[in-house]
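Submitted below is the structure of interest, expressed as structure tokens.
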Amino acid sequence: MEEIKARLANDLYAKHSGMELVSLAAGQASVRMQLQPFHRNGLGGVHGGAIFTLADFAFAAASNSHGPLAVAVNVNITFIKAPKGGVLTAVARELALNPKLGTYTVEVKDEPGDLIAVFQGLAYRKTEPPREPAKR
Amino acid sequence: MEEIKARLANDLYAKHSGMELVSLAAGQASVRMQLQPFHRNGLGGVHGGAIFTLADFAFAAASNSHGPLAVAVNVNITFIKAPKGGVLTAVARELALNPKLGTYTVEVKDEPGDLIAVFQGLAYRKTEPPREPAKR
Amino acid sequence: MEEIKARLANDLYAKHSGMELVSLAAGQASVRMQLQPFHRNGLGGVHGGAIFTLADFAFAAASNSHGPLAVAVNVNITFIKAPKGGVLTAVARELALNPKLGTYTVEVKDEPGDLIAVFQGLAYRKTEPPREPAKR
Amino acid sequence: MEEIKARLANDLYAKHSGMELVSLAAGQASVRMQLQPFHRNGLGGVHGGAIFTLADFAFAAASNSHGPLAVAVNVNITFIKAPKGGVLTAVARELALNPKLGTYTVEVKDEPGDLIAVFQGLAYRKTEPPREPAKR
């Protein structure tokens, strides 16, 4: 878990976008982002790319939490409404895991706790899960 | 078209992420991004959030190109392979348009021209299309 | 609710595919399908189209449960594993609703209760919600 | 190619739904469906599940065209408009292929040739591609 935390701490685009890891456990993660002027789109709203990146950061954390390296292969995101308040939170939860693929859902909420976006992610696990040590 | 260009030039997250509009026409747009260290994820690859944001910027440009304000309601993105070279390009194309919804596909390519990601976006048009002036 | 039940009972492709409505309430629905030989694909497994159609039937029921006519505009489905046993069940739940769009998630489970597929659906509401009667 | 054609001919749900393979080549396929009363939904339109299943059949054909067994892991479909005429056609095209995953796009058109739905599919290849025979 420390190795994956170190990898996430080294995520430069998440850092550039002002995102931080709040919690990490097997198959789940939560992250947050304090809204800043650079998160805005041309209409003054929060940019869909920033909302996606926040959700994706939670997804990356959860899908890598087991050790084997996991990369996103497909994501579907539905944007529900404009956020209120100054903080967005994303919580990722694992729905299913097999040796090569993992399925995750991420909910993004605003400061009052309303659902802003839902995100469904599929991760491909590039390295084999560690084998159990041989019994003696 | 100038009004939408002004709105896109005011997209602070796209600017923060180093993205620029290359071309804009009715129902289509292309954008580009020079890769920089802050686009990297924790593994040193290009961040999925940065690739998404680039494609989303092209989608926003194309879906707003007709005048009425359009917002993203759903996006599906498939990440195909790690990019090579120093520049990513995204080209958005309109597949269908009706008064309230527009459907777009975006292809993201790397510098050698290989397909890196495909993005399918659905936009909701918030304002009614301008009516034709009454005949006299 | 009786009008929507009558409409669902008149769903000929769901009937042709052996699907039946189990329960219906505001924003939620469950449906089931007894597996039959015609549900099989060329490899002898349950066809992805049959799994989709079952989930879509639950989504249609839930999204139409409020009265205004709702049609599917986008669906994302992830197929998790091959089902076991002879019955599939799909449960749809509303995540968000506004005057024009509704967001739903559907879980498809097999007879032992394992998650077989997750489905995220976006519905467009074609008719306006009924107005409240004028106060006197 | 004959083996995959035999497998597709044995697809019982596609047969039950009145779908037929029109053409098959490496990475591409087209299929068609003559509309019948059982394809209707509760409103008298063509059922989204039938449209999905048609597109999925083309996707299955194209993704299995190379030999190794491929199964759908994720599909995104956008429904664009109600079809006209009595025949629907779906054409699948491969966008990318690597040893374990393939990415496909499918267009569904009605008899006048209008785009009815777009489908983006991700297939997982369960068996390894056949190795080239050793040189002598």
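List of remarks:
When the chains are written out, they are named A, B, C and D in that same order, and each has its own residue count from 1.
The rule is simple: contacts are C-beta pairs under 8 Å (C-beta built on N, C-alpha and C of every residue); 3 or more make two chains touch, one makes a residue touch a chain.
Since this is a predicted model, take the numbers as computed values, not measurements.
Interface residue usage between chain A and chain D, two copies of one sequence, is largely shared: over half of the residue numbers at the contact are used by both copies. The chain with its Cα centre farthest from the Cα centre of chain C is B.
Listed options B-C, A-B or A-D contain a single repeat of the C-D interface, assigned here to A-B, on the basis that more than half of the contact pairs agree by residue number. Chain centres here are Cα averages; for chain A and chain B they lie 22 Å apart. Inter-chain spacing, taken between the CA centroids of chain A and chain D, is 32 Å.
Chain B and chain D have CA centres that are 28 Å apart. Shown for chain D are the residues in touch with two or more other chains, namely 73-74, 76, 78, 122.
Interface residues of chain D facing chain B in the complex, by the touch rule stated above, are 74, 76, 78, 80-81, 95-96, 98, 103, 105, 115, 118, 120, 122. Partner chain C is touched in their complex by these residues of chain D: 7-17, 37-43, 47-50, 52-53, 56-57, 60, 69, 71-79.
Residues of chain D touching chain A in their complex: 73-74, 76, 100-101, 122, 124.
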